[in-house]
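This is the structure, below, for whatever I ask next.
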């Protein structure tokens, strides 16, 4: 609810039929990963054609434009605009014409050495039309392919240059590749369709197309997706995973399975862990719709405290989500969430939110519950205190914005006006996910970055891509 | 979810400040009662000014137009377009200039003798620009006021002419009235604000403006709303209530209290009753989001069967709600609801829907659950089988559309593909609401109409408005 | 150019084919008479269906909406919004349902006793949804038809009640009537098509549909237009014409023939007369595009002074025409008209404008010519000084706006910065038109109104409609 | 009227104030050179900011976006979309970030060796996001600047690589350059403003900003525009001019002065020449509005035959101009032009069109005149028969489309239905312009190309840029 925003989602399909409608459907399924622009690129046997524009999938990819393109291989992208603007100009996939043909790229993530590489490369005569690291990746790729005609070799070479988080759907003419960064920070999964194969940021899109999950793309792996199969070009050695733990806590759809762990289950587990770590003597546990329901069910099951729907969410105010600035978003909260008086009045209530960035939304909700007659309001939070910026594709780059950086838990409790406040521990959230803590990126809650970040403590002193 | 659609919602405010923003906010709260057009009319001390247009409140009442009008007395309306079109032309409030000044009217309901009265009145020279019974009511009112200058007498006289369901917010120049039909079929409630009073279709709008509920407008009552108080012109005698039971089952917001019964509680009770009337040996009970959650929680509490969220709803597909035709709506279901595989797979599942009109949506959902691995799918329905049309303001006028009219419960079960199917009984739903069955309109489930309807069985042989 | 704005244009067609496209085409031809809204109503054999909206014909009547209606009888309307707004709500034709069926009306003109009649009629119980005299006419008509079933008698009765200027296209179910006020102030002409007949404000629309002009509707005449012919219900006596002289000077299209006189010819004659009344020793005569060309050609022919195009008009700035307020319009002039330096530089120039209301635009043009090097700038005006308001359908109701009311010709010359200024005389413009002066309405230039206007001098002391 | 379409227009300003509004105004003045997209780029002292979008200047550069950028140096562009689409993506100026800072480029023309250069350069690793030669020029420029930091040297180096027609407004960070191809095919002029200097495709824009013409940019010249002056980097030697003669005949505004010759005067001269080359015994000479007026005035003066406006042009149908395809445009003609019957009826008429590409529009006009009663219709054409494609920036690349390629003049006369048809001779049009024929590009009428074109006869066997 009050959590951070995400950057992007990608999809790529190679099948025995025109895949445009499938790409569109998949993008609607991962629409939560970006609402500012959407686009698809398909290879028609000759060239790559692209339709992309600002807005939700339904707006950006209207029937009359989508009908004009077709192809059995294609990629798609939904984008959350950070700086720069939401315009059509920044929509992806980005396409380029090279001596080897056309390249289309859809990118989810953030390169940490983007500025450095860009400067170096510009010094060699390269020019850039955008501020997007996607454009840099295509430039690097094109240069590498000039040195070695083999796309896979070129991709590997580019991967040895770039740092950070990236999940890529890449098309070189009619060849489709899925690429995941060496630590697997951003998710990417392989699916099998009736007459083809696909890659996507989230597994739900695979199901929505009637397909089956094959497996996650491995960290550092390049997979070439064909109509009949897929071919893996894995890293020769590996020594580390760093899956973003926030995908499970907040970003991904509940029905997605990421690196083997289903999001809905993880969220229920978080509720269970919270019930053990921060029990409370309350009358009922309430979710903050829609993102907090699984957490609350888990807490209810573990604690035996009844689960109730105590907030009425106004679905017509849901446009809030696409309101650009924080101020507008917060102002919209009071129209969006209304307590159900009879559920709340005279009760001791516990609510669970997925995370706290600034705390402003939560403060409003607590006050609304009190106004509606709640005797006590207890807050539990499904992620540990956020204290450090994310450089891997999440829109929380500014340390100043984190309330947990400036205040103790008790101070935060007082600011938001709760009777008690409990964050899940780092150990707790690791347990809830069920993977090893060393396989997760927890940088935003423990300030230890999995890749080298100038001026920050990082887990690995060498560039990860060197670790072969 | 698969239930019928509603017509309209109304609001009226008289307060010590410019009420335009309050009207707008209240309309956003009752937006679920109509998404096709919205409008507000305010009296500026001299004339009534109106802003209205097609679309959601945010679209129809944009800042730049709303800023141009002001007044301390005003009414508002949201509308669900049935036949005729969604255009700006049909938006309410409807306003007219008469010899007594300006009249503005916002109407929720349906007059059952509209065509008859219109024909009679046209025979006397009246002309009509629309097919709306709202226009007829204003015409009748104007004529009555010509005979007797007193607005209340005129209103009463009109009420003795018209039959059917109506909840009206009426402004005659700067005087504001709330009017409810003699059986109280459609809801209307009085609220007290900091510096004024209001009427509205649903109590949640009162809370959203920081006010307190005073009481429901009584069946057949006219209330004049002033800044300091309200004055009641009650019917001298009364002998019947006929509150639409569907308001609790499906239409109204969970957080609204209608005729003393909170909607959320009624829905939980429905779940409890269903658990007793149609128990099931299943692993978990799942709501159909968003409307079915309270039902499912009630079933879970009564039965002890765990409550789980097993459907993921795509909020970006929520535009479905404003899709005009049935076909488009149904096609959109599969993008909108996706089962969470881990919750569903291998389980015996019970889902609760609020009602079944055609059954097509439910059929899709059952199949989706089976595809996701559900071992058994049991369906419970929060209203008795719908078998008769509604003539009181709900968009289900055609007997042919009701699956329960053509099939037995077991046939319906087979059609939708469920392992078991249980409708709540008429007695059960009466118990869940907590009012006397004779005080409810249950015509759509028992075919006994509270007012005289040509060709239908009706509870009262004389016109109800004669029952003084 | 700097002249007043017009109200409306009407059309009606009865033919052996679906007339929707013809109505649309005719409205495009008379689009200059109103750009704020457009609409068509057609009778499909059963009911009258209407499509109307704000905007130019192309915008208001889009293909997808127009395709949904059809009929062999129909009317259309283009409207210039004065007060009140340009919204879809005020678009015409206006339609009403009465006991006799459906009525649709398209109106060009202004009733001078509108407020009086409205008040009287409201006293009898009538209600009004708009501030439009069109609504009043339909109400009166409906009432009269209640007394006497014959439409023609009812129309005649209404004509005996209303005063002012009106040209009407009226449909009563499938019967089509053309009606012109008793003085013939606004134009209305009958045309013959291949398989039908039509009426229209301007003859050019008849030609554009491949038809032939039959004759003008006579003052006070009602014509019923059928597929095979038309039937005239003429006034039994008549004693006066008062055709608005401004239709020839400015409003109508050059290619239209109004009451026997072709507009283009009249305008050339005006130029000739001006050359005689106000000769000038100049190097060249220049039109102000586009409206002044015929005037300038006439002046050139009569005087022997060369005609040159010295203003370049920016067609992309032509949207000026649909800019609502005077200020915006004036500001736009300098982008819209640019002198051609080579034509103008060092020359003594004479320009002709059709009329002067405020004089602001003309002042700008004179200055622009001087800036471009003109040695002298002489101005001739194609209408006498405008000194009195129009109550017959032209948007110049406020005496204060007329520069000729506050200043002598020489003062005006100084204000606009011209070397000489000559208005055509009243006699001159009468000569140019070629009709008798007593058959023209010259009220705006001689302040003598053809109908009774409270507080104004009028030519006829009794109501004209009484003059039988 | 029936002539070819143009590509683009450019402007660049360096002045002592924020130039955004001036750029916008200048673009509106040259809007006729491209209506599909518009854009401006300004340097704010630090970076270059750009606003550009599809549509007319008024649409593409709305107030709210224009207000957000500012700078004292800037360039602008209007674009006519050929293939590829009209979308925002193809709007100019195009901007790039290089190691030397930001580059913005606005381009009017066509590179004849674009594909060849692009292929070569891609072979060296360059990638291209568009099919636009503008992108190629920036790439070349960036590479050259990497070799030699001096912008002027880099520009000169690029000019030695590229062939064809180009008039460029170029910004490298805050430095502004105007560049014209070595033959001066496309126009570009230098103007002096109150507090700055500018370059523009047409001189009218200079006047519209209150400035004075300084001189045309010379063929092959690079000028750097500063606030106080401009600095010329002329080619060391030159041997040829090849100004596109069509700029005078059809493209440019009448009030523009190109390479010393005013367009309006040239067009009058064309009329005079036609009167001598192809005299006719007719009653009147009529222009085809709006482009043909000057031609007709010239013909009238030379021949003594009266000039009349015989076509009424519907300004509301003027959107035709922005209709994309030929078919739609032709269909729109009949709504757009209507003969004035009284002028035409019974007369022998001569009309002058600027050029004939396909002849379809002209055929319609001739028929319309006959239908309106013209006894004879004679056609004169202001350019010689078009027989060869243009490779220098005009949208007539397909030889098949030219009627004069397939038919003799007499056949064309018969096809269009005229009584006589006369094209101006090549010598005649040269005389009318007043420059030497060897200084003009007449390739589309004599098939002799000024630069080397594969498979075509060309005047110069070596690359022109080698001729130093």
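As written, the chains take the letters A, B, C and D, and residue 1 is the first residue of each chain.
The rule is simple: contacts are C-beta pairs under 8 Å (C-beta built on N, C-alpha and C of every residue); 3 or more make two chains touch, one makes a residue touch a chain.
Please read all numbers here as calculations on a predicted model, not as lab measurements.
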item: Contact-graph distance - origin subunit B, target subunit C; value: 1
item: Farthest-lying chain, centroid of Cα atoms versus that of subunit B; value: D
item: Between subunit D and subunit A, distance of the C-alpha-averaged centres to the nearest whole Å; value: 49
item: Where subunit A and subunit B are represented by their mean Cα positions, the distance between them in whole Å; value: 39
item: Intercentroid distance (Cα basis), subunit C paired with subunit A, Å; value: 63
item: Where subunit D touches two or more other chains, by residue; value: none
item: Pairs of chains found to touch, sorted by chain label; value: A-B, A-D, B-C, C-D
item: Subunit C to subunit B touching residues, read off their complex; value: 87-89, 94-99, 103, 119, 122-129, 131, 135, 138-139, 142-143, 146
item: Subunit B residues touching subunit A - in the complex, by the definition given at the top; value: 25, 28-29, 31-32, 35, 56-58, 204, 207-208, 253-255, 257, 262, 264-265, 289-290, 293-294, 297, 301, 306-309, 312-319, 321, 334-335, 338-343, 372
